[in-house]
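Got a structure for you, questions after.
Letters A, B, C, D and E name the chains as they come in the text, with residue numbers starting at 1 for each one.
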Amino acid sequence: EGLYTPNLAYRTGPFAATGIPLMNGQADYMAMLNARDGGIGGVPVDFEECETGYSTEKGVECYEKTKGKAIVTQPWSTGITLQVLPKTNVDEIPILAPGYGFSPMADGKVFQWAFNAPLSYWDGASIILKFLQDQGDLSGKKVAFLHLDHPFGKEPLPYLETKAEALGFELLPIPVGLKEMQNQSAQWLQIRRERPDYVIMWGWGAMNAGAITEAVKTKFPMENMLGVWWSGHDADLDIVGEEGKGYKSVSWSFPNPDAPVMADVKQHVIDAGKSQASAEELDGVFYSRGLVISAILAEGIHVAQEHFDKAEISPSDLRWGLENLDMSEARLEELGLTGMVPPFSTSCSNHAGHSGGWILEWDGAKFVKASDLIMPDSEAISELEVSRAMEYAEANAPWPVNEDCEM
Amino acid sequence: MTDTQGYMTADGRQIGGVLMELRNITLRFGGVVAIKDISFDIREGEIRAIIGPNGAGKSSMLNIISGFYTPSEGELWYKGAKRPPMKPYEVARMGVARTFQNIALFEGMSVLDNVMTGRLTHMKAGIASQALWWGKARDEEIANREVVEKVIDFLEIQAIRKTPVGRLPYGLKKRVELARALAADPSVLLLDEPMAGMNVEEKEDMSRFILDVNDEFGTTIVLIEHDMGVVMDLSDRVVVMDYGKKIGDGPPEEVRSNQDVIDAYLGVAH
Amino acid sequence: MLYRTAGQFKTSYQADQALFPVRQDAVLLGVVLLFAWVIFPLTASEFAFQTLLIPILIYSLAALGLNLLTGYAGQLSLGTAAFMGVGAYACYKLVTLMPWLNPVVAILFSGAFSAGVGVAFGIPSLRIKGFYLAIATLAAQFFLVWLFEKWGWLYNYNASGAIQVPNLEMFGVYVAGPQAASVVQYFVVLAVVTLLTLVCINLTRGNLGRSWKATRDMDIAAELIGINLMRSKLTAFAISSYMVGVAGALFVFMWRGAAEPNLFDIPLSFRILFIAIIGGLGSILGNYLGAILIVGLPVLLNTLPEALGLPISSATVEHLNIMIVGSLIVFFLIIEPHGLARLWALIREKLIIWPFPH
Amino acid sequence: MLNEIFIKPFVDMVEAPDFLLQVLWEGLVSGILYALIALGFVLIYRSSRIFNFAQGIMVVFAALTLVGLHAMGVPAWICVVLTLGVMFVLAVTIERVVLRPLVGQPDIILFMATIGITLFLIGFGEIIFGGENKVMITEELGIPTDSVLLEPWGGLLILEQKDITAVAVAALLVVALLVFLNKTRMGRAIRALGDDHQAALSVGISLQTIWVLVWFIAGIIALVTGIAWGARAGVSFALEVIAYKALPVLMLGGLESITGAIVGGLMIGMLEKLFEIYWGQPLLGGNTETWFAFVLALIVLLFRPQGLFGERIIERV
Amino acid sequence: MLDAGRTETLLEVNNIEVIYNHVILVLKGVSLSVPQGGITALLGGNGAGKTTTLKAISNLLHSERGEVTKGSIVYRGERVQDLDPAALVKKGVIQVMEGRHCFEHLTIEENLMTGAFTRRDGKGAVAADLEMVYEYFPRLKERRKSQAGYTSGGEQQMCAIGRALMSRPETILLDEPSMGLAPQLVEQIFQIVKAVNEGEGVSFLLAEQNTNVALRYAHYGYILENGRVVMDGPAADLRENPDVKEFYLGVSDEGRKSFRDVRSYRRRKRWLA
């Protein structure tokens, strides 16, 4: 048996390029635990992948197929998350969507079964804005928001809109259709015409490479272009190499080749030939993010096992575990994740943890840290969270909320 | 020519007044003049043949009558009134049915269904009734099926009722096409080379059907045919076309001895 | 000699027009209905409902709708998914604007909107034919999906741009939304699909069906024998889009629970076209056979390596799946271009003459 | 509102002519690329009335093979030759396995079969090449990658040399194809085959040879297209969706016409870009390129049901 | 006049059976032979299987889902039923299909040129043959630049025959050349067939409904009914056979009957129901 934690992976389809290193990182961490510790709390982890190709339809099918035995569901796309969200409420299975999904899910009272630790898209948007504010006052500036025309891409819009009003900058949303990902000349012509001061990019898969090559081509100043964490994929920047110098991406994970966990993974998984990852992938941002994601899940399982004092936990046990994460510096050190993820903690009302993130910068060959840890503007975010979560619950009435949560 | 008096044929049938009249019809396709200033009339109850060499414009003439082509010049009078430009289906609904030179059956349907399409103009049930197969739709279906079965009996194609027409040999297809036209209960029947590709026996069968229809239902028939034997024996009057022009018009014997016709069409006197 | 038709004579035209003139067919249908209405609901697992039974029914209905247009009336459509989308969005607006509306009524009514849109995009068919006509439906496909994306009112200005099915009750039972039980949804879908299938059977064997088929086989001739092509084509568009729209509403409300515009993009259209063609154009039964194949196959392929204990990664399985589905499409087209329905008919024909060859 | 629709866009155009030129140039380049895909379609359609949906995936497949071979250390130009070899094998296989057994089937069946081929190639390709984005070996093939900066009216016009190359190559290809189809024995046979392949068979035109030939040429076109697109946006399976763009181009131009494919491609490329920039983005929320081409083609077809350069549909009874 | 006994046999069909769609049995054992330099007629009513026989010979059945399941087809002593149609054309057997089948969008001249597709004897020879075809069919020369789809039925028939001639065939399988043609033209086309036969030495296998003309020009005839050969013999003999006279030529002892009289009588076949 073991702990069945299926992953709704996408190693195929138009987004495969970004998916593969992530999935590899995730799988390798669990494989490492199984090899090194015999699993978690002595129980092996069954980390099966169900392929979705980033298609919402396939994702739902995978969810239905795995939900019988699974203690968690990892939907891996905002679209799939949105669709399984109401179902998990009935099936009582926690969704773990680290750094993606529906931002108001951070409100644990309303979304009892959903987790987007260590931070939500709104946190990400907030960190970017804060970084930009450090460069100078935003008021009167023009900020283009180049995003995938898809639930994922639209996710930060409500937050950005509120902030645009508050900070006095002009927000210019520029959608990129799924079919135009590779051919964004119209969008970049628009950027050339509008001459924004900054371009914030919420891109994914083939869209990133498309945008970055167009930016280089139209001679947009790279240092004024910032992306979400999914737009910080090494391979996307490799295409332009030197010319991409200065491009930035916010991130809540960072590759640290010297972290103990990396050594363990190398020893138990890579060298044992149990990994699908290629050598150059290992140092990339996405692979290490995959590791971190699995570490969060493993920690949740661990916390639950301790609390309920049993090794084979149920989905609702895991929920408790994920609600009581405490990824302090010390704990991260213990786990061997030094410097790979900012510290954060969750609670029954706070399902994200709002960890904060770093701004990474492409130096022509790899991403380097360009800032210290920046914390999101939690006040503005939580206000928005609560109101949007309520809206959601009303629209989906009857929607059971967590009455017991006092925080 | 516009008299309402009929005439008596050699075998004693009474032909009525003018049913349809084509006046100075010209038809052009781009630069090609397919029909040049042709006039003739068709009388009620008569068998009117159109003959002429290939490419003379015979089929085009039928197409004009059935509304598929609009003449570039000229008028068409039907039942004493000038016919305004019409869609082919409107013409069909006025009682003009036809068969085609290159068989135009609905290949994907059975013989029965093909013939039933001939009755379409007689069926009025609404969509709802059809969807539920109740009331008017069902009654109509049965009533019309009876009519169609009569036509099928008449043309002796009972045995192939349920066969998809795609599988039928040429001759039978021609017969099914005739059945479809007859099912519409037309007042004018246009036949474009109904006996092409048939042997004598089959031509005789076809002739019998044509004569029977004409006789029993008084249907007016316009017939294009290349077999002179058939044309001479069946038709009451013949129009001869050549290169879009009319070169002869009259009873078969008269046409047969017309020198122009012999030169242009027959080759040798038949 | 299972399939002996000899000795079954019809004594009236009415009997001859009965739905199943051959007794064996009626018996077979009875068995199928028994399974659908009694045995499956009693025995099927949640997984079977969600990945097989419900989607097969919904896809069959969508394919049936498409089949009316493409298989019966001969107008190629590559925009089925968009018309499904119209049905789904219409239904969403209906239930959110009028929460008191009976959900099944809302679903049946939403098809009307799709019918309207279908007619609008069908108008070009009066002039444009064959593959060229595909452009009209493709325009619908891409334009409508774009519209679902851009027109906030359609999705009640949700931040995500997706529509989410609320919990809907009917006679005290949840029939849609996350609270609804699969078996209830299955029955709703089954009832709607059965009803509409019956309507389609009636329409296609009657007068309208004949005028569609005539239009398909040879439109010029059809017009010359008195068929109003405009009426014939536009009713085909309307009724087909209606069925497709209802299928779209069912798709979202009775199965998926939520939808983003992308869902209605062209791959879904193709999927339904596959079902219709593999099943057999111009056939009602074929849609069911096609849906069983196209929906069931990937599920089977996904569980196969596991069942056999083959250690293939899920991504490879997926790739193999696509390859196999692609090859099977070609394979089925080669063995019987007219689809599974024709294959079944051939088998039947052989059974009838069996054991005597020819 | 009327001002926004009818006046302001034109004012904008006149006020920033360099930008307008840039828009047109971008449109022209994407138009050429659409046209290239459309060319592959036309060729196959002409010879077999097959609406080859697989042309898009053939582009991906060709590009991936090229890049994949190069990644194995094969010199660039040898890669091109080898890729052509692969495309030839593909053509032969498709002819043998798919087309031959389907001779004489209705158009829509063959169309479906090409979708089957598409699916197969997607799965097959991903297994072999993996789903990652790849970089086109532009420089290795000797294609210049610099950009030319022009300054008309004191503005700025950026022309990439690889785009210029693509335009030139496309022009060459079109001329070659036109000559081939209209002036050679094979070309005539290809056209005959499209009209009536029973009759073509009866006069001794070998379907097999011609189909292999045609699919191979389509493969060559696919490779050229793959290089050109890949140089712009990298090579990945996401490229496959551009095949959809070729559809309106084809229909606008006329399914049988090489000239139509080019004219249609350029028209659509430029008009959709103009519409998007001057109307779509300011008034409609952008992304109108997803449907504009289709709607444009639809409108043109309403007036000319066989497309601008298509063969007149012969309807006689 | 040639007769089958004395000359070499070019084509031999032995007892073939053809099935369409796996279930429809159409030819039930047809045998015939075509002598070199002769005109052989294949007669029979609708659906007798004439077209099917010709297509079986030229291997065009495949694309109609038909297949030869029994028997053999031998051309110049070589079994040819597994060849593809193009190979057969190269061997000198070409078919003119029923219903003309011109390439609609090609001009008449292009249509004719496609006939020379399999030829390898140089442009000059092809051009010469084009002239020859134009000589036989002056009408085609007039319309050489028109799209075949817009020409009349007769012109299309000429085009189809001309196209076949362009391949320099040894044997032409001609399916219903007279269908839908004006009497004068029928005569003319048969004259040309005869001229080609005598002038170029081309052998013909001719499926016809128009028994009258066919038997006047042919040397030998087969009568096919319901997928079986029911009678064969030299054309002259067949013309005199009372059954043939009655059923295929429409003349009985009392001479030709008027079609108007058909209502009062009906012919009944004596052989095969």
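The rule is simple: a contact is a pair of C-beta atoms (placed from the backbone, for glycine too) under 8 Å apart; a residue touches a chain by one contact, two chains touch by 3 or more.
Protein identities per chain, from UniProt: B = Amino acid/amide ABC transporter ATP-binding protein 1, HAAT family; C = Amino acid/amide ABC transporter membrane protein 2, HAAT family; D = Amino acid/amide ABC transporter membrane protein 1, HAAT family; E = Amino acid/amide ABC transporter ATP-binding protein 2, HAAT family.
What you are looking at is a predicted structure, and each value in this text was computed from that prediction instead of being measured.
Q: Tell me, which chains sit next to both chain C and chain E?
A: B, D
Q: With contacts defined as at the top, give the pair, D-E or C-D, that has more of them.
A: Pair with more contacting C-beta pairs, D-E versus C-D: C-D.
Q: Please identify the chain with the largest separation between its CA centroid and the CA centroid of chain B.
A: Computed centres place A farthest from chain B.
Q: Could you please state the distance in Å, as a whole number, between where the Cα atoms of chain A are centred and where those of chain D are centred?
A: One centre to the other, that is 37 Å.
Q: Using mean C-alpha positions as chain centres, tell me how far chain A is from chain B in Å, no decimals.
A: Their C-alpha centroids are separated by 75 Å.
Q: Per the centroid of Cα atoms for each chain, what is the distance between chain B and chain C, given in Å?
A: Each chain's C-alpha centroid was found; their separation is 42 Å.
Q: Just how far, in Å, is the C-alpha centre of chain E from the one of chain B?
A: The computed centroid separation for chain B versus chain E comes out at 30 Å.
Q: Name the residues of chain D that each touch 2 or more other chains.
A: Those would be 126, 244, 285, 287, 290, 316-317.
Q: Going by the touch rule set out above, which residues of chain E reach two or more other chains?
A: 150
Q: Mark out which residues of chain A touch at least two other chains, giving numbers and ranges.
A: 11-12, 149, 175, 177-178
Q: Could you run through all the chain pairs that touch each other?
A: Contact pairs between chains: A-C, A-D, B-C, B-D, B-E, C-D, C-E, D-E.
Q: What part of chain D is in contact with chain E in the complex they form?
A: Counting only chain D, the residues touching chain E are 103-104, 185, 188-189, 191-192, 194-209, 256, 311, 314, 316.
Q: Chain D touches which residues of chain A in the complex?
A: Within the complex, chain A contacts chain D at residues 11-14, 16-17, 19-20, 149, 174-183, 185-187, 189-190, 192-193, 205-206, 209-210, 213, 217-219, 235-236, 238-239.
Q: Residues of chain C touching chain A in their complex?
A: Per the touch definition, chain C meets chain A at residues 46-47, 50-51, 146, 149, 156, 159-162, 164, 166-167, 177-179, 256-258, 260, 262-263, 265, 299, 302, 313-315, 317-319, 322.
Q: Along chain D, where are the residues that touch chain A in the complex?
A: Touch residues, chain D against chain A: 16, 19, 22-23, 26, 29-30, 126, 130-133, 135, 147, 158, 160, 229, 232-234, 236-239, 241-242, 244, 273, 276-277, 280-281, 285-287, 289-290.
Q: Any idea which chain D residues touch chain B in the complex?
A: The contact residues of chain D facing chain B are 316-317.
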